[in-house]
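The next part holds the structures, each set out as structure tokens.
You will see two complexes here that share chain A, one where it goes with chain B and one where it goes with chain C.
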Partner chain A sequence: MRAHRWFTPWLLVLPALVWLAVFNLWPSLNTVVLSFTNAKPLGGGTFVGTANFERLLTDDQLADALLNSIVYMLVCLPLLTVVPLLLAVLVEKRLPGITFFRTSFYSPVIASAVVVALIWNWLLEDRGAVNGLAQQLGLVSGPVPFLTDRWLLIFSAIGLTVWKGLGYYMVIYLSALGNVSRELHEAAAVDGAGPVRRFLSVTVPGVRNTMLLVSVLITVSALRVFSELYVLTNGTGGPGGRDMSVVMLIQMYSRGFTGHLGYASALSILLFVVTLGPMLLLLRLNRKGADA
Partner chain B sequence: MRTLLARSAVLAATAAVLAGCGLGGGGTSGGEVKATGEVKGEVSLQTWALKPKFTDYVQGVIDAFQQKYPGTTVKWLDQPGDGYADKVLSQAASGELPDVVNLPPDMALPLAKQQMLLDIAANDDKLRTDYVKGGVSAYEFAGRPGAYAYPWYLNTDVNYWNADLLTQHGLDPKKLPTSVDDLIAQARVMKERSGGQMYLMSRKPELGDLANAGVKLLSDDGKKFTFNTPEAAAVLDKYRAAFAEGLMPRDVLTDKYLGNSELFKKQQVAWTTGGGNTINSIKVDNPTLATKIVPSAAFGTPPLYVQGLSVSQKSKNLPTALALARFVTSPENQAAFAKLVPGIFPSTTASASDPAFSQSDGTNAGDAKVLAFQALAKAELLQPPVVSEAMGDYIKQQISLAINGEISSKEALDRAVAKCDELLKS
Partner chain C sequence: MSRGFNAISRREKVLRYALLVFVLLITVGPFLWQLSTSLKGPGEDIYTATPRFLPEQPTLGNYAEVARAIPVWDYIGNSLVVAFLTITGNAIGATLAGFALARLRFRGGKLVLGLILGTLVLPGEVTIVSQYVTVRELGLADTLVGVALPGAIGMLNILLMRAAFQAIPRELDEAAYIDGANAWQRFLHIGLPSVRGMLSVVVIFAFIGAWDDFLWPLIVLTDPENYTLTVGLQYLNSSFTSNPRVVAAGTMIAFIPIVVVFATLQRFFFRGVEEGAIKG
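Here is the complex of A and B:
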């Protein structure tokens, strides 16, 4: 048998390394570089030091966008971590017709985010189905401003994200539930534990790592929310632009012939840092929980 | 040691990226370029979404050009409607801008600033006499002498009213509003008579409305915005009061109804604005509505919408490119194109008295076409091309806050001017 050469492993990982370098490392480094320039799509840009980062501190839109992104994350995180787990527990049982429910819960996932948001738009607008029904039933006297009130708009978008994400995370939990020991459930039942107690003491610890994974995925996607808010606000960012997310702000500054690539890059770096914080916190909490 | 190596690698990579980016450069230089020489050889012509509907027309113009100038070949590129700006941007960034390219003023401005477009005024003495003033001035940019395209085809807005809805709610289609004040007064009548079920107005003001009220938007040198005046605030205050009075749907805050055209088609508002061919377009979607529409002239100064043909300054065949741009936008070719495409009008002075555009056939669609054609004589580019997408978004957002009563009109305008000035400088 021939001896392995030292570079054989490197050759095997080379395609992946090239991919990472071209599509991850290079753009990331380029973003860092651009954030210190006043680059435009048609100009090389000149070095402006920390001017773009100083501008972040005085940007009135950024404060709103950060607040929106954080509220989005804080509401989505518990809802999308817990509700899909409950759904997964419900549809895990092998009952007649359960496939229908599994499919129903999953179907929003395969629909395009933009199409779903457009449908929600039609439902929630002033003359939409929800307002029409509520007014006909006499529940409200005038239309509820779901899409023209700053906070109602954010919560409408959160509702859309949660509705669309339930099925996806439910499937992840379904695969994790398969690994939870059936004997533990039976032992707990023999000890007199009811369904709630078994859920909290057997199921939840059994899917703890999956819950962490789901939490991290939700945190990242909630902080980077774009499609839902973009479509529901018709691209305007809501009344006065106060419903923009940080990604919408990046898009606003980077597009077009005169896009401000330097400032958009500084915003991207800020978003990266903001996303990193909660992720590290979640990982730390998980480690503490595992050690305990 | 490993940490040190890793840090060195990151520093080296950063240095490489910095070097690759060419920081510190970006300036442009160069004087006036003259496109003199023989008209021959190959040039490219880029149009915007004309295939397949107008393939025969464009190919006919190209064939006629090649026949007039033997030895020339025109390579025609037609780009799809969506993503045109991105396509032109990537062409410009990679130095592959076609020799002759269709550009609206807002796309031409950044390219002209980067000295990528030929100054047509410096190369064609007849530009200012053969083409209408508004069309040429749309391609003249503050702080940059010259004109950077042949105006191609033009359009403007006309007011359209649903006569049935006006009559049903106590208004007279023969006494249509002729100003914003009239409009608000009639919107009030419509709201009262319809019990708040029908709107006359369904759009919030834009930068163009300020220009229309005589507000100067940009300083002469193009370096500062100037629209935060008491007069501009007074315009916003009118709309703000109308919104508070419930004369507009709340959705105007998020531009929900594409101005107001969608609700007009659904007969949920009685007024909209549109180009000279709007009634014919509505006929396709809602034939019964089309017969009820009464057109009238736009309030104040009508907006000018213009498309032009620019010549890439980096073209390897400037004389032929210039000749092609001039040929495609000639009075004969423009008139033929405008007769083929309802709703657009030629930008040449020779077409000013063409009865095809200046005489109505007696229908409401014919009247609208004539109103639009007449309006072009005083139409102006109401929003300066220097207003970037980010600036436009921010201005709309501030106006929305003012209309919603969250901040005063003056504060909204002050904020918008401050942000636009900052973006203009950066």
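Here is the complex of A and C:
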């Protein structure tokens, strides 16, 4: 069917095309160009060859940041793949008031990461509620340095990411649970399978693809973490600047008189390379999901 | 038929509600604790070893204190400007493009679609540096328009709107075509009314995304007068760490509007979830 003049579709996609070109395609190319220069945030820049990439190899802060990302991923992956699925099973049944619970569980997702980090900053500080309660219960004798110890800080940030992510992945699972066959559940129940058994042999296989999708999403977002660490450390990167993420380094080099956009671009390319694998997998999974 | 399966025992009901309340405490408790802190009076010891949930001397003074410490009304205004530009851009740009890509066949359409899909493998953080250079070259560094512009037509939103337009039965279109309706009329009278659900999802998330964003405005904005609310909050936190009550009031100022918006529109959102619109 060709019910329109040839230029009509182009008129409709024109704004989108401009944005595609100016804010998506061009910046991708320009990142590569910039990474071979010593451009500053305020302007200028000349070609410096591969100096920025050589610098990546000797940057101790970057080594710390990558190590942090790996730890982040290893802890987040099992927690955020499994717990939200259990939550989705819990809120799936339409009990009275279930909408209230679903919406409430989702509330950390809609809050800004800055808001969430400030809330946990207050909960976790030396004289905050968590330390207060722990000491009151006699679990610890002095305050736990959640926000000042190199590794405890990373684990606090992970806790925050997990807490903020629960509702997000719960909703993804919730939409997948609708496709799990009811008959299978009933048949298993008739055969005398208990809830745990049914969860493991009916629900889990039924949402296996979604679990894969979720775990890829978690991997990518663990590599992209920024606000949690930035706010918890007040932008300093914690003791000795060791609690940084790659994105935090990118931000640090993007600002002010000491900034270095060339090096920030080299860091961006590194980030692209490490996220590319999971991202491609994600795209494939999503397209498969769209066809189903 | 499946009634026996659906009906749950009393014991299971009690257990389910107990678990629901337990998770509720974990997810909502920290917000309530922050709300409580923001309402505690200056004479109240907020550091007691036994945390006290209800304020003894409830006051709204901390909220007034936020306005004295930072120009919070300006920051709210700045965040609203960015949100407004982002919502308008996406509602118009993504809807028009989504319609063309879904319902009009044209040379090059496949290529455009492929390029849009291709951008999805790029996390936003990867291009943030050169994005800043682009905005600077346009003379928009340290402006709110500069903050809003790159996200004003999101590539993902185009794909979401395209999916919504695709779900409309072809016969409707053909009937309208036979009746002599042109592309624009089909868009207005058949397309738009059928994609209101997805359009509200796009609008909700454009608002939440713009209101909550931190990294990008932190890079673009340098003058404290131009800060959006999230950047301003971090600024408040770094300069007034001595009074957690005031910081708590500030976080509530940023959080409450988004809760109101989401609570009002959540039925669209969860309907979208059940229709399988949201896949992450």
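To be clear about the criterion, the second predicted complex is superposed on the first by the 248 of 292 C-alpha atoms of A that agree within 3 Å, B and C clash if a C-alpha of one lies under 4 Å from a C-alpha of the other, contacts with A are read in each partner's own complex, and residues count from 1 in each chain.
Criterion: a residue touches a chain if its C-beta (ideal position, glycine included) is under 8 Å from a C-beta of that chain, and two chains touch if they have at least 3 such contacts.
Everything quoted here is computed from the prediction, not taken from an experiment.
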{"item": "First (chain B), second (chain C), both or neither touched by A:L25", "value": "both"}
{"item": "Partner chain in contact with A:G241 - chain B first, chain C second, else both or neither", "value": "first"}
{"item": "Which of chain B and chain C A:T148 touches, first, second, both or neither", "value": "first"}
{"item": "Which of chain B and chain C A:G132 touches, first, second, both or neither", "value": "second"}
{"item": "Which of chain B and chain C A:S268 touches, first, second, both or neither", "value": "second"}
{"item": "Per-residue touch tally on chain A - higher for chain B or for chain C", "value": "C"}
{"item": "First, second, both or neither for A:L276, with chain B first and chain C second", "value": "second"}
{"item": "Which superposed partner A:T258 touches (first chain B, second chain C, both, neither)", "value": "first"}
{"item": "First (chain B), second (chain C), both or neither touched by A:F226", "value": "second"}
{"item": "First (chain B), second (chain C), both or neither touched by A:V140", "value": "neither"}
{"item": "Doubly contacted chain A residues - partners chain C and chain B", "value": "25-26, 30, 34, 39, 41, 43, 127, 234, 255"}
{"item": "In the complex with chain A, residue positions of chain C that touch it", "value": "2, 5, 8, 13, 16-17, 19-20, 23-24, 26-28, 30-31, 33-34, 37, 47-51, 92-94, 96-97, 99-101, 104-107, 109, 112, 115-117, 119-123, 125-134, 136, 149-150, 152-153, 155, 158, 163, 173-174, 177, 182-184, 186-187, 208, 211-215, 218-219, 222, 230, 233-234, 237-238, 244, 247-248, 250-251, 254-255, 258-259, 262-263, 266, 270, 273-274, 276, 278-280"}
{"item": "Chain A to chain B touching residues, read off their complex", "value": "25-26, 29-30, 32-34, 37-47, 55, 60-61, 125-127, 143, 145, 147-148, 233-234, 236-242, 252-253, 255-260, 262-263"}
{"item": "In the complex, chain B residues that touch chain A", "value": "13-14, 17-18, 21-26, 85, 89, 92-93, 106-107, 109-111, 114, 116, 249-251, 253-256, 268, 388-390, 393-394, 396-398, 400-401, 404, 406, 415, 422-423, 426"}
{"item": "Residues of chain A touching chain C in the complex", "value": "1-4, 6, 8-10, 12-13, 15-17, 19-20, 22-28, 30-31, 34, 39, 41, 43, 87, 90-91, 93, 95, 99, 101-108, 110-115, 118-123, 127, 129, 132-133, 135-136, 163, 166-168, 171-172, 174-175, 178, 182, 185-186, 189, 213-214, 217, 220, 223-224, 226-227, 230-231, 234-235, 247, 250-251, 254-255, 261, 264-265, 268-269, 271-272, 275-276, 279-280, 282-283, 286, 289-290"}
